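First chain A sits with chain B, and in the next complex the same chain sits with chain C.
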Partner chain A sequence: MKKINISILIIASISITLFSLLFGPSFINPFSLDDISGKILFQLRLPRVVTSFLIGSSLGASGAILQGILRNPLADPYILGISSGSALFAAASLMAGSAFLGPSTTALLAFSGALITCGIVGALGYKDGILLPERLLLAGIGLGFLFTAVLMLFMSLSTNYGMRRALLWIFGDLSMADWSQIPWGVLLISAGLILSISRAKGLNALMLGDEIAHSLGFSPSGERLVFFTSVSLMTATSVALGGVIGFIGLLIPHIVRFLTGSDAKTLIPLSALLGAGLLTLADTIGRTVIAPSELPSGVVTSLIGAPYFLYLLRKKI
Partner chain B sequence: MENILLDRVTFSYGKKETIKRFSISFGKGEFCALIGPNGAGKSTILKLCSGILKPQSGKIKLFNKDLEGYPSKERAGLVSYLPQLLDTNVSFKVMELAEMGLYPGGGGLSPDEAIGVAGLKEKAGYSITELSAGEKRRAFFAMLLVQGAKTLLLDEPLSHLDIKYQVELVKLLKDIIEKSGITVVMAVHDINTVFQFQKVCVIKDGGLFAAGSPGEIITKELIREVFEVEAENLLPQRIL
Partner chain C sequence: MTKRLILAIIILLSLSRCALAAGTGRIVSLAPNVTEILYSLGLEKRVVAVTDFCDYPPEAKSKPKVGGMVNPSLEAIVRMKPDIVIMAEDGNPKELEERIRGLGINTYVVRAKRLRELPGEIERLGKALKVEKKAEKLSFEIENAIAGLRKRNPAKTGSRALFIVWPEPLIVAGPGTAINDALELLGWENIAKDAAAEYPKYSIDEIIIRSPQVIFMAKGHDASFDRRLLKKLSGVRAVKEGRVYYLGDPIMRLSPRIVEGIREMAAYGN
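Moving on to the complex of A and B:
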């Protein structure tokens, strides 16, 4: 049963991703490409699909990891204040009207904002040299409120149209995806994924509680720091690539657990894969159904994912 | 050589001193019960012995070397610890849990054997969240058997167990001690059970009140002084 579920998840996610290249405002037949459809495929759709795949996989994996290291089933990648931190930084740069780092300025600042927030949350999470889950969680929530408040303050004082646009971008938009940001996106997210999958045993041990993890020969605080770092890296990268997208980080890990169990060796890679598949599907639907306008992918992920999640909830618990 | 040696160890949570200049040692093959009223420091002593808590002063030696000097994986082969509260609600299967005992490198039973010994053969494919409190504890115990550390520190492992499994667990531990010479130290709540142990350490207010074989040291006077009850109300007649 478990093996069948794993194969279905893998095949479904990969085929969704491949087919989504063909769908959009116009259907592309891969066997009769002309100049225009070739351009659409390689310059518009492929980078967008790769971007949604990257974001979805980093959010799915990050959610699975955070729920484990914080031992809280409601944790999602944004619970540590990452989204507010990156929104604040991006907005601040736009208020100053600057593009001093070139065309990717907003993305770069969103990335630094996310990492700085993680740094502060991580530092606040320590007590007596030990990284405590409840402190991390509360520090993240507290800092998130603070940053959101400052952001609201900026917004109410600002008449800048550009900033509003930037904020829309922060809250989830894949339509600007292009090749320029993909190489470092691939690099950072696969680094985070490889690091966490290679430490999957440590995550399993942490899920049993710090005392048992210690007894099994792990340093709970050290393991937590490694996972926290890799989650910070992946989430910051995904926010910079496409803003803040809900649902995936919170609920994909639960769906994977329902279907294939909690063992981190399968939970992390499958959450990444299913997150990638769902976000890519949602984005394809979002840019197809009301073309030429678009539905935000966050809306579509929840519209598809939430009913399925509720169905599983009824069936499995 | 002692498995674990505590030399004038002091530990406090915040300002309150929980353990006061506490010295004790546990040798090879010992089967020892820690007993004392709530808050006496039994759990704290086990956590100090396992390295989860670090003492403010005093020394803790594990096989003649400073406990803190061990790399974690090596330490996990010498001492393992099972907490009183197993509050995980993660849906690991019994078999997956037993296999986690292999993380430090193995050295104990195979996961299959350990699950059999813990009486969970039928439930190997169940999630631990579907088990009763007693079965869950036995599943974690199976993990400990797979880990196969030379010293087991168990915090009230008998609570939540049916009397049948209490008896079986004690018998099983005695068997393992006899066969492989490990050392077992467990905190015990029910004074009736201490008579099955070779040695008992009575803890009061963070200090060692008495230690020795249960038949010699558990007396009416001790019970009155440590537990503040009259023994007649507590123990079956045969013991008195």
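Moving on to the complex of A and C:
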């Protein structure tokens, strides 16, 4: 049963991603491409689908890892304040209207904001040579509130224009995705994924508790640091690529656990894949149903995902 | 045989070139005020698509749409095969312009924000779209109309006014906006002229303290919000004396129609 579920998840996510290239404000037939359709397919849809795939996979995997290392089912990639930190930096650049680092200024600032936040959270959660889950969690939440407050302060002082743009960015916007940031995204997110999947055994041990992990021959603190680093890398990159998108990081890992069990060796890659599939599907629906206007992908993700999650919750537990 | 084939290809190619040449001038407008300016310049046939918010002139509503101002659909824009996309700095994000140019489509950004910048902007746009004569005429008419309004309304000191853009949250027209320019042109002093932003979220206390003699409100939102706000402002002079006036969208858009908006404002007397 589990094996069947795993194959269904893999096939569904990959076929959704491929089919989503064809749908949008207009249907594109890949066998009869004219100039315009080719341009739309290769310069607009493909980078957008790749971006949503990258973001979805990093959020799904990060969520699965964080719920394990923090031993908290409510943990999601944004719980450590990463989203607020990078949103603050990105919004500051959007509102100042400056682009001193070229067209990718906002993405670069968002990325550095996320990494700086992770650094601070890590430092606050560190005591006597150990990263303590409770401290990490509370430090992240506290820092998140602080950054959100500063962001709101910025916004109330800023002009109407900067505010609108920053808000849209924070709610997650994939419409501007282009090729320029994708190589970096692929590099950083696959580094994070490979790092965490290769240490999946450590995550399995951590989920049993620090003492058992220790007796199994793992260093809980060392493992936690490795996973914390890979999550920081993936989440920071995803925020830089497309802002903050809820639901996936929190609920996709639970859905995967319901369907295929909680072995980290399958949990991390499948959460990544299902997260990617769901976000790509949501973004395709978002840009298709009320075309040419668009629904934010975060909204569609929750509208599709939440009822399914609730159904599984009733059925499985 | 091959020669004939090559000849046929050359003819076909040159024909398609001609078709392209005849097709130049397809315009996509990404802001309501831009659409209005384009129609005033007589370019309605060249405008191939507009935004969801482009509702004036009424015929513009039947043009194909490309979505909103902040996040129009890039796919829909490309589909329209535009030769140029005309945007407004005050409304369309800068990244959008970079992205559209990155797709190999020409762009023109309308940068005018202030009343005095409108005539010059129309002339520049006219040059870019090769309708110089019409643009010059339109720009001259607007300048004349503004000068006429200025003459008829010599500045009076101390008459305070406020323009409420949105009642909840309370957003008013601040410094550096065309609305502020219009108020000043008519001899009003905008009580929010020292605010920190162009469209600041304003304090109700401050309105009560500064007690404007007249309040203008933008039409188009739920009247119950207006009533609730005016109740809170019941001690303000404008409300006590019944000098709260509703204005339609001409004044809100920096287009040739703003002159009508200012006239509408002027009709309420200074």
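Definition applied: the second predicted complex is superposed on the first by the 313 of 317 C-alpha atoms of A that agree within 3 Å, B and C clash if a C-alpha of one lies under 4 Å from a C-alpha of the other, contacts with A are read in each partner's own complex, and residues count from 1 in each chain.
Basically, a contact is a pair of C-beta atoms (placed from the backbone, for glycine too) under 8 Å apart; a residue touches a chain by one contact, two chains touch by 3 or more.
Nothing here was measured: the structure is a model prediction, and the numbers come from that model.
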Using the superposition on chain A, tell me whether chain B and chain C clash or fit.
fit
Among the partners chain B and chain C, which is in contact with a greater number of residues of chain A?
C
Once chain A of both complexes is superposed, is A:Leu124 in touch with chain B (first), chain C (second), both, or neither?
neither
Between chain B and chain C, whom does A:Ile40 touch in the aligned arrangement: first, second, both, or neither?
second
Does chain B (first) or chain C (second) touch A:Asp178, or do both, or does neither?
second
Does chain B (first) or chain C (second) touch A:Leu157, or do both, or does neither?
second
Touching A:Lys201, do we find chain B (first), chain C (second), both, or neither?
first
Closest CA approach of chain B to chain C after superposing, in angstrom, is 43
Enumerate the contact residues on chain C facing chain A in the complex.
52, 65-68, 70-76, 78-79, 81, 90-91, 93-96, 98-99, 102-103, 171, 196-199, 201
In the complex formed with chain A, which residues of chain B make contact?
47, 50-52, 72-77, 79-83, 86-88, 90-93, 96-97, 100-101, 103-104, 127, 140, 147
With touch defined as at the start, can you tell me which chain A residues reach chain C in the complex?
24-26, 36, 39-40, 43-45, 97, 99, 103, 106, 156-161, 164-165, 168, 173, 175-176, 178, 287, 291-294
Of chain A, residues touching chain B in the complex:
68, 71, 201, 204-205, 207-212, 214-219, 257, 261-263
